[in-house]
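Dropping a structure here in structure tokens format, bear with me for questions.
Each chain gets a letter, A, B, C and D, in the order it is written, and its residues are counted from 1.
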Amino acid sequence: MASKLIAIVAGVGPGTGAAVAKKFAASYPVVLLARNPDNFESLAEEINKSGGKAIGISTDISDSKSVKAAFGKIEDEFGVGVGAAAAVFNASGRFVRKPFLELTEDDFTAGLDVSGKGAFLFSQATLPLLLKGVDAGSKYPPSLIFTGATASIRGSALMSSFATGKFALRALSQSLAREFGPKGVHVSHAIIDGVIDIPRTKEWLKDAGPDAKISANGIADAYWNLHTQPRTTFTWEIDIRPCVEKW
Amino acid sequence: MASKLIAIVAGVGPGTGAAVAKKFAASYPVVLLARNPDNFESLAEEINKSGGKAIGISTDISDSKSVKAAFGKIEDEFGVGVGAAAAVFNASGRFVRKPFLELTEDDFTAGLDVSGKGAFLFSQATLPLLLKGVDAGSKYPPSLIFTGATASIRGSALMSSFATGKFALRALSQSLAREFGPKGVHVSHAIIDGVIDIPRTKEWLKDAGPDAKISANGIADAYWNLHTQPRTTFTWEIDIRPCVEKW
Amino acid sequence: MASKLIAIVAGVGPGTGAAVAKKFAASYPVVLLARNPDNFESLAEEINKSGGKAIGISTDISDSKSVKAAFGKIEDEFGVGVGAAAAVFNASGRFVRKPFLELTEDDFTAGLDVSGKGAFLFSQATLPLLLKGVDAGSKYPPSLIFTGATASIRGSALMSSFATGKFALRALSQSLAREFGPKGVHVSHAIIDGVIDIPRTKEWLKDAGPDAKISANGIADAYWNLHTQPRTTFTWEIDIRPCVEKW
Amino acid sequence: MASKLIAIVAGVGPGTGAAVAKKFAASYPVVLLARNPDNFESLAEEINKSGGKAIGISTDISDSKSVKAAFGKIEDEFGVGVGAAAAVFNASGRFVRKPFLELTEDDFTAGLDVSGKGAFLFSQATLPLLLKGVDAGSKYPPSLIFTGATASIRGSALMSSFATGKFALRALSQSLAREFGPKGVHVSHAIIDGVIDIPRTKEWLKDAGPDAKISANGIADAYWNLHTQPRTTFTWEIDIRPCVEKW
């Protein structure tokens, strides 16, 4: 199986991660990483039943041993030397919104653990596979896509834990874009600016009309469009928001 | 013909403008605006011969009378009340790179005339048509797309004429995105960061490899992808550069 | 008098311009430029009475003939070959806040005329004097300071006329900083983010407490601090806002 | 001594930290924090001999116990309930410039440990003292100033470890500025864009002229100017570079 390129999605949940996984599953076998198997089990089943291939691996993305074990399983499944066509980092730390002086050290570092160290571990694990994808002549330039947020470019009051992680993630993605673009890997960063329409947000923004929440499928389409850009035409950053969003 | 939505491209030349026109011509009748008919005649012919529909109108986009006349001709051709699915502002002022103290007033205002006043005139002329496109139930949200450059976010030495125009254009596009997004018109801005691969640049960057110049077709694809985003998932800004670009 | 360095302030009114003029008048003869003499007459008198030297010249900063005449008068007053220690561009176009489709061409270009062309004319007229200030061994690096606003970095809905001008002004200031910094002229840009405390705004923000409006004298102090930075330590951009401002 | 407001500088070394400490020591007793006592011993002696008051405390700013111990010593020295007029965070993590795939986890997290967690611990320890400074009627608004770098706004290739930390620090400072500005604490961030002129950089940029390196005293003056801004006129961010810097 080593010749077939795969896609790897970290941070699979009911929103962006699942929509992205399904979108990419139409073209690639997909690996679903999440800490909690509840987040990928039914999704993997759905993909496998509908003619795609998906495996889920329970992974703590901010723990190097867990990440190493996950990529060992990927090799077990797809063969040593498997290459990747796409890797999407969609994980986020625990969201803590509190007066700054009430934050515990754990509260504060929750963002940096995932968006800093976790994104580092994911990038170090996936970039070798993406470079193999380049060598293997991937139809589209192998892509490493990071999911950011409003907090990637704005440090709002009470949001320091989330914003420090998201700023750091943006820095990482920009540095990697500059280092790995010339090697043929397309590194991108998406600023998701708004509420995503998922079961948990069903009751939110009900008075703001049918277009007030971001479609997870719309994000997945945008990521796919980034993925299919040729080497002469790479986009590093896009912002995404509902048409009615105030910004 | 009034029921059929059109696309309007200002600043048609051998690069981005032509590629965008051909891309959108696959779905819409296209109007090609350029000061010099040499820039649209063969393109219009090519589109019309290949099954599309295109008309070219010689227009000085920074002159209100000329713009008014052009949109009169559009009504003559497509009917009073015609709506638009897309409008692309791809015009640029004369590029003047000189020590600041050697710039004439005309040199300096060349950028602002096109990217400031010209973009204003184009936006005022096209937005009513785009709003009609919303009312007419356009398949994709009617889109107003502006072509920017590296100079949209960076005022380099000796580049004040170009950068002032491009900064102003970016401001306009952002303001319009905030005003017209809630009305269903998708306003976007693209930062084209690099040399576009056109006949005039054939000899440029020859030592930098096959991926050193931006593909005009790649830009056209990116604009089309912006156009097809649903109302829940609008991107205001993208950057585009070759994978090997230093930035 | 030709050996004495002067300061020139364009856009003198009851707020920032007057405060800056008074601050710099403690060290330099000051030239006050405004279209309407009401804006500089009592100020010039106040400075002259308190031991400083000031002259006011009625000037339309966006008209090249008017600017040329003003700098002719400066030479008449201070001698051909006079150098400058500081030049402050504080002019703003007419502020027009309207739905975009209701803007006239004059409404729209009001911002660009002053913040684009006007700033160009002022810079071309003052930079030769500032370079003379460098040659003359000015105690502090001769400084060219531009007054920006929230709209320098944000194109809000309904604000396209103001924002296009302010974005353009920021581009100009950045380009000039890069070209003239190595020549010893310190070019800076200030983002004034909030309401300035002047007679016209007396009734504004009354419920927001004593710190809700920006002190014009505080801005003048900030500009002076920029002026006194040595060649090894130039700041291009600062933002200024009241401590209670939401941003 | 509890009534006297103090200044606290973290990251005291031969450059910015020492210059800032000396500048603020002219007005306040200063506390010098550095991991290695070599970095503060002679500086404390110099300040104490010249009529100021300084104490140095060996502190690992990224370790909560060490920070807690340091602030215990501050209370021992200046009294329980001592307030602060200024706190300057000038620490930086180990600078690691390597191809991304060669970074160890320790290499990568070196930046985030100091600029992320360390800045958090320092801010949580100093903000209560700065708020006491507000209550005590500090002459100038109590100030919390963070030292950033070019990497605060640019993620260059091979610089991900440094840039992720510096981006995170900028996010923290912006979030704190928005939360604590209305409470009277002035939070600022400085982007130091260039090489600082210190003994270690003596041989650097020798061909670039006398103005090629940033003066540490110039930075200290800039920080003092930030500190003395009134509540109506707060600057959050400044950039600082030599006049000849390319940027």
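Note that contacts are C-beta pairs under 8 Å (C-beta built on N, C-alpha and C of every residue); 3 or more make two chains touch, one makes a residue touch a chain.
Given the structure is predicted, the values throughout are model-derived calculations rather than measurements.
Novice: Would you mind checking the shortest number of contact hops between subunit B and subunit D?
Specialist: Step count on the best path from subunit B to subunit D: 2.
Novice: Which chains are in contact with both subunit B and subunit C?
Specialist: Common contact partners of subunit B and subunit C, which must touch each of the two, are absent.
Novice: By mean C-alpha coordinates, which chain is most distant from subunit C?
Specialist: A
Novice: Suppose you list every residue number at the subunit A-subunit B interface; are over half of them used by both chains (same) or under half (different)?
Specialist: Here the answer is same, because the shared fraction of interface numbers exceeds one half.
Novice: I'd like the Å distance between the centres of subunit C and subunit D, where a centre is the mean of that chain's Cα atoms.
Specialist: Roughly 32 Å separates the two chain centres.
Novice: Could you give the separation in Å between the centres of subunit A and subunit C, each centre being the mean of its C-alpha atoms?
Specialist: Computed value for the inter-centroid distance: 46 Å.
Novice: If you look at subunit B, which of its residues touch at least two other chains?
Specialist: In subunit B, 178 touch at least two other chains.
Novice: Looking only at which chains touch which, which shape fits best: line, ring, star, complete or other?
Specialist: ring
Novice: Touching pairs of chains, which are they?
Specialist: A-B, A-D, B-C, C-D
Novice: Can you list the residues on subunit C that touch subunit B in the complex?
Specialist: That would be residues 64, 99-101, 103, 105, 108-109, 112, 116-117, 120-121, 123-124, 127-128, 151, 154-160, 163-176, 178-180 of subunit C.
Novice: Looking at the complex, which residues from subunit C come into contact with subunit D?
Specialist: 141, 178, 181-182, 184, 186, 197, 211, 213-215, 218-219, 221-222, 225, 229-247
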